[in-house]
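As written, the chains take the letters A, B, C, D, E and F, and residue 1 is the first residue of each chain.
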């Protein structure tokens, strides 16, 4: 991952912030399992597993806290 | 999800903030499993599973932290 | 849930704040599984399951962070 | 629990703060399972279960964040 | 644990802060299971269990948030 | 671990901050299971386990909150 994939935590809207949080959650999986082939295989299973979907949603929630704070909650 | 579903984190009351947190938790599942049909099937199972209900409640709790902070805890 | 059940995050004491956190954790389960009958059945099982009791305690802990911050930790 | 068990989040030292966090984690279990007899039985099992010990340690960690913030990290 | 084991959350460096977080995670287990003999037995099992190693790492991460904040992130 | 492996929480970019968070998550596993041989064996299993990949991603997310706060979210 030599390319720049995270230049900033700023986003224009809360919704884009949520999308960035989703991306960060996926990158967190990717750095642990770099093989796209294996990730795709695992994904085919876990997106049918309610427990793992909820766990994924939780990781997004944690990243969204960070992104929201970085954007001062898009208050202004 | 091209439409705007999260224009702001501000809500008029803490209760509406809790409802927004619930919505964010559900969107977090939706972005991982976009098929409504599969989600409905999984939901029929997990809403009878105490562990997964508690896990869902936890994701809501994390998002509620964010929404509450964004609203300065509805102090004023 | 059209009635107002969360008018404010302010409580007079830390102890009442903890009680509010407990209530929020329960509401988080309720919004996912609205049937009181099913929740009662699940509860009869999970309150004998140490893992789920600890998980419940964790959700309360997360909400207590929010409520405590909202009350400026009852410092004054 | 009509008696006062949480008059304040202030403690004299970080160590007493950690003890308060431990107490809060236990109260979180107690409010979900009020029967001391059942809790004692469950405890006999879970304190031999590494996963549940780590989960308990995590709940303490979350409460310790709250207590530490309430005491301004005992900086002064 | 009558002796003082946590006089302060201040550390000289981030690395010492991480070590303190590790210690706090262990104390959290210790207060729940005070028997060193049982803990040693459990440890022999769980340090070969990837899920429990990751869970341990998570508890350390939560405590590190607290210790880092207490040290103002060692900014100065 | 007598050498210095964490001199600072400051990084030049959010992306380097994410990499530091990943490193911290790994160190958290390492301090619990110091044997590289055993960790490698466990890793061969858990990087094929979706639940553990998501759990690893969560630990990274928690550390990223800390690193992002330490860098004032790379705002300036």
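The rule we apply is simple: a contact is a pair of C-beta atoms (placed from the backbone, for glycine too) under 8 Å apart; a residue touches a chain by one contact, two chains touch by 3 or more.
Since the structure is predicted, the reported quantities are computational estimates derived from the model, not experimental observations.
Asks: By that same contact rule, can you tell me which chains touch chain A and chain B alike?
Replies: The shared contacts of chain A and chain B amount to nothing, since no chain touches both.
Asks: What is the touch distance from chain B to chain E, in steps?
Replies: Counted as steps through touching chains, the separation is 3.
Asks: Do the two copies chain E and chain F share over half of their interface residue numbers, or under half; same or different?
Replies: Different-residue interface.
Asks: With chain centres taken as the means of their Cα atoms, state the distance from chain C to chain D in Å.
Replies: Using C-alpha averages as centres, the distance is 16 Å.
Asks: Which whole number of Å gives the spacing of the CA centres of chain B and chain D?
Replies: 27
Asks: If a residue has to touch 2 or more other chains to count, which residues of chain A qualify?
Replies: Only 49, 51, 55-56, 58, 62, 65, 69 qualify.
Asks: Taking touching chains as linked, do they make an open path (line), a single closed cycle (ring), a hub with spokes (star), an all-linked set (complete), or other?
Replies: Topology of touching chains reads as a ring, each chain with two neighbours.
Asks: Give every residue of chain A touching chain F within the complex, in rising order.
Replies: 4-10, 24-29, 31-33, 38-39, 42-43, 45-46, 49, 51-52, 55-56, 58-59, 62-63, 65-66, 69-70
Asks: Considering the complex alone, what residue numbers of chain C touch chain D?
Replies: 13-15, 18, 22, 47-51, 53-58, 60-62, 64-65, 68-69, 73-75
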